[in-house]
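Shared between the two complexes below is chain A, which pairs with chain B and chain C, respectively.
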Partner chain A sequence: MATVDVENIRKTFGAQVAVDAVSFEVHPGEIFGLLGPNGAGKTTTIRVVLDIFKPESGRVAVFGGPLTNENKDRIGYMPEERGLYQDQTLERVLYYLAEIKGLSGSEAKRRTQGWLERFDLAEHRRKKVKDLSKGMQQKAQLITTLVHEPELLIVDEPFSGLDPVNTQMVKNILKELAQKGVTIIMCTHQMHQVEEMCDRILLVNKGAGVLYGKLADIRRQFSGHAVNVRTGGPLPDLPGVVERTAQNGTTHLALAEGHTPQQVLADLLKQQVLVEQFEIAVPSLDEIFIEVVSGGKDR
Partner chain B sequence: MNRRWVIARHEFTRHVFRKRYLFSLLSLPLMLLTMVGLIALMIAIDSNETPLGVVDPARQLQLDLPLPEEDERERVDILRFETETEARAALEAEEIQAYYVLPENFAHDPAVQLVYFDEPGDNATRYFRDLTLANLLLQLPPERAARAMEGINLSATTPDNERSFSPEKLLDTVLPALTSFVFLFVVFSAAGYFIAIVAEEKENRTIEYLTTSIPSGVFISGKILGLIGVSALQIAVWLAFALAALLLGLPLAGVELPETLTLAPTTLLFMAAIFVPAYVMVVALLTAIGAAVTETSEGQQFAALITLPMSMSFYLFAYILSNPNSPLAIALSMFPITAPTLMPIRWAITAVPIWQIAATSAGLTLAALAGFWLAARALELGLLRFEKRLKLRELFTRRSA
Partner chain C sequence: MKHIWQVLRYELVYIFTRRSFLFVTFGIPLVGFLLFTAFTQVSESSGETLNLLVTSPTSPLPEGFVDPANLVSVLPASVPEGQLLRYPDEASARQALHAGEIATVYLVPPDLIEGGRLTAISPEVNPASSFGGGWMQWTLEVNLVGGDEDLAARLNQPLAVERISLTPDAPDTEDPLTFWIPYGLTVLLYLFIVTSASLLLGSLGREKSNRTLEVLLLSIPPRQLLIGKMAGLGLASLAQTGMYLTISSVLLRLSGRTSPVMAGFELPLGLVGWTVMFFVLGYLLYGGLMAAVGALVPNLRDASSLTFVILSPLILGLVLLSLVLDKPMSGLAVSLSLFPFTAPILMVTRLAIGGIPLWQPVVAAIGMLITGVLVVLATARLFRAQHLLTGQPLTLARFARTLLTGG
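Entry: the complex of A and B
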């Protein structure tokens, strides 16, 4: 059973269509990337999933049915619009928000202390939130999202404001949780993070889902129009190559429409070129994102 | 712990331990303390312990006559002089602060002459007045003399026997009116908290986290409960200090309080019927404003829509006192916004019919329910509006997000 099952939802605000015909499923133990340019409808989609907004049409099932108040405790949500009580000490805010999530006072303290240690915030626990750095506040925000051990985690830009060390730590935590079976939906603009973390993605553009599926499959769909070649000697002119770019000792060959990588390899062998490396160039998610968003290409 | 109480506790402790709240909590007691202190100071300035003189060659006045305890507290020594010349010499020598000259037939014509350079102390003149009165009453039986010494003991009853007024029932008259003043103070000082009830969570961006964790109703009711606790503490402290100041200050100012003060259950019922729904109404309306606006400063401007008519009602105080049963007084004392201030004043000075109290209480309750409905609508519609406040029209016309 999918943890989250969204089917053909539509949400408008006045004349503006925020989300239209968006469908996706997220399964236990999966890290799912919800991507899209600013204003594409990602946050609206999440708010529909979390029952903040009611869709005009379509269906949303969380944990197998409509979202109930009891099931809200099974969700950890770090929204795009987030913050903490600035005038209070860090530990007081964290205890309070943990109790809001249904933990007893003692359990809230015990678990919060553990997360404070893990996020290197223990020594700052008596400081007022406003006196913490942006990165520290971001880590505190993550603690509020994780402290009640949710089964579904929805995190919007989880790495914003974090330095590389903390980014890696958060990545490790998310991967660890996914391995334990937690379902994770991650909204981000940082494509390299998605490439590293996500199993499947949904790319939303102008309120509609334009790319959906396994990351590897999507990249494969966009591959085949270029190859990367490294040879023992100079690379001769080859038919069907429209552009060649040197990249760290290899050459990136962009192919003409209808010309296949197999034909390029055959030509190289025919010309007895010593081929040290030959691979079909797979586009980065950044490139796919730009191509789809600016070109309006749907798959 | 129930999450509503988690929120209520957090809200309560968050405000109660703020310097701003503690300052506000202690401001009224400090003001009252200052007032009592000033009264005491004025009394001390007006007191003079120097002996008085009395020209009474015929020994008409018994100077060692014991007086009631409260009069004895103001005792000053009184020196008897045979002639006015001796008394004047003593006054010039500052041995006495003033002297009285008794007429020869004092018992039948008790008009005395007071001679002084500087006005004598209030305590001294009061003591001499009581002493002469006690002397004049010596011819009466002791119990009648004692009653006469007590002075006026007015007891009034309305024609329908519904209400009666007497010194023992002072609290029945004063407490509701006093509470209406405290109520207004509390509304003014707590308005900021209720206005900021959701605006703060919107400003600090915790609202989305909180409302996806718990139902909006639990969230808002927990916050309201916490803030009611904050205000209740304030009301209790202020009322206790106001009563203490009254009970301490009045005797200091020379107003005698009866030995036994009673408080009728009907007074408590009246206060509960008016102040409880009135408070809930104010809280709900302020909360609705707080939920509809995006910034606390903006909310404070809108709060004046409620606090201003309430405070304006005090300008009608004199009119209500002289015309407590006029159609305007009745209408304003029953109108929800002005009822909490004007109905207790009418209660203090006239016999308010039961139906008017019941109708006022019902009106306040309905207004409170309407306020809660508005607050819930405003919270629901304005939940994720961070930059644009809700329009009043939207509360009645827009469907949920």
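Entry: the complex of A and C
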């Protein structure tokens, strides 16, 4: 059973269509990437999933049905813009937000202390939130999201403001949680993080889902017309190559329509060129994102 | 219910740990007390000096008059000897004035009775000062009634009315507290309804701007969030009011400077109960409206003009307070004190004056309760994220439409 099952939702604000015909599923133990340019409808989609906004049409099932008040405590949500009281001490804010998630006072304190230690924030717990650095506030927000041990985690730009060490720590935590069966939906603009962390993605553009599926499958869909080659000597002229570009010791060969990578490899071997590396050029997620968003290409 | 309690408790802790709240609650009474003490000390120790500084020295000089028609046939016995001198003509009077023997010369014209005009000549000219009368006026009054001082005195103050009301708790019109208690309670109620409603608006505004609201709404049903906030901030205001009164009272008692008028005075328990009830009902009504503004307005800056419109009935009540104090049983006073939006302050005003039939505060309270509950229910509908998390500009028309339709 999918933890989150969204089917054909539509949400408008006055005349503006924020989300239209968006569908996706997220399964237990999966890290799912929800991607899209600014204003594409990601946050609205999340708010519909979380029952903060009611959709005009479509269906949303969380934990197998409509989201109940009891089930809301099984969710951890971290909005992109941090939802913390700025002029209160860190520990007071964390205790309060943990208690409204159903933890008793003592349990909220115990768990919060543990997370403060893990995130290296224990010595700052009596500081006001506004006096913490951006990275510290981001970690504090993560604590409020994780403290009640949610089964569904929705994090919007979780690495924003974090240095490489903390970024790696958060990545490890997310992977660890996924291994334990927690369902994770991650919204981010950092495509390399998505490539590293996510199994499947949904790319939303102008309110509509334009790319959906396994990351590897999507990348394969966008590959096939180019190869990367590194040779022991100079690279000869090859038939079917329309453009060649040098890239860090390798050469990127763009192929003519109908010309296959196998034909290129066969030509190289036929000309007895020493081939040190030959690979089908798979576009990065960044390139796919730009191509789809700017070119309107749907898959 | 669990969430209502959590929100209520958090709001109370949040308010009571804010420096600004602590300053307003404890600092202002303390500063007021210190200023009051300093002022009274200075007044007591150098009252004479202050008097000399702010008032003209009492003139030891007598006054004179010229009365060619001999309208003043007798100087009243009550006029101290030598304080009012008759001169045969204007020239000799002016001479005495220039010589500094008298302070003022009055020229009594022959047609005084017909024209009612009197000329006063003095070295100092102050257009702002009015004719004080003094011994000259008294002398003229006595002479106009044929020299009978008792008759003149009776004409000056013809009636000394003793009022006897058949209503058991009718106000004592001679007692200055009859004015000050209703006035003070009304202003206090106005201040605290406005303050607590504004606290609610501020709290919502902050949570909208720092996005905490989005996190809260995932865990707390909107209606529970609204009720928790209203209860927490209402209790905070009530506690602040109580602390204000207690601190002020204790400080005044410690200083031994309570007014003799207040000595032995205690607010009737019934009036205290009504006041608290109308505070709660007023807060329910205006707090609910302010929360609706907070739910709809994109940021606090945009709320000010709408806030003024919403609070205008209370402001109107304050403006009309003197009329209500003057005639508490008039049709206007009764109507306004029954109207739910002006009742929170004006019914308490009339209750403090006393003598109003019981059905009036009961009807006013029921009307306010019904209106308040309707407002809170309508506001709770707006406490959906749909309104809370969108940033459309708020106009009075949109506010009214959304509050009435919920859409």
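Odds and ends about this structure:
One rule holds in what follows: the second predicted complex is superposed on the first by the 298 of 299 C-alpha atoms of A that agree within 3 Å, B and C clash if a C-alpha of one lies under 4 Å from a C-alpha of the other, contacts with A are read in each partner's own complex, and residues count from 1 in each chain.
Keep this in mind: a residue touches a chain if its C-beta (ideal position, glycine included) is under 8 Å from a C-beta of that chain, and two chains touch if they have at least 3 such contacts.
Note that the coordinates shown come from a computational prediction; the quantities given were computed from them, not determined experimentally.
Taken together through their common chain A, the two structures put chain B and chain C in a clash.
Contact with neither chain B nor chain C is seen for A:63 once the two complexes are overlaid on the shared chain. With both structures placed on the common chain, the touch criterion links A:222 to neither chain B nor chain C.
Residue contacts after overlaying the shared chain place A:104 against chain B, while chain C stays out of touching range. In the superposition on chain A, A:77 makes contact with both chain B and chain C. Among the options 57-65, 111-119, 129-137 or 327-335, the segment of chain B that ends up inside chain C in the superposed model is 327-335. When the two complexes are laid over each other on chain A, chain A has residues 47, 50, 52-54, 69, 72-73, 75, 77, 79, 81-86, 88, 96-97, 99-101, 144 in contact with both chain B and chain C.
Listing the residues of chain A that touch chain B in their complex gives 47, 50-54, 69, 72-73, 75, 77-79, 81-86, 88, 96-97, 99-102, 104-105, 144. Residues 3, 6-7, 10, 13-14, 18, 206-207, 210-221, 385-386, 389-390, 392 of chain C are the ones that touch chain A when the two sit in their complex. The touching residues of chain A, when paired with chain C in their complex, are 13-14, 47, 50, 52-54, 69, 72-73, 75, 77, 79, 81-88, 92, 96-97, 99-101, 144. Those residues of chain B that touch chain A in the complex are listed here as 1, 3, 6-7, 10, 14, 204-215, 383-384, 386, 400-401.
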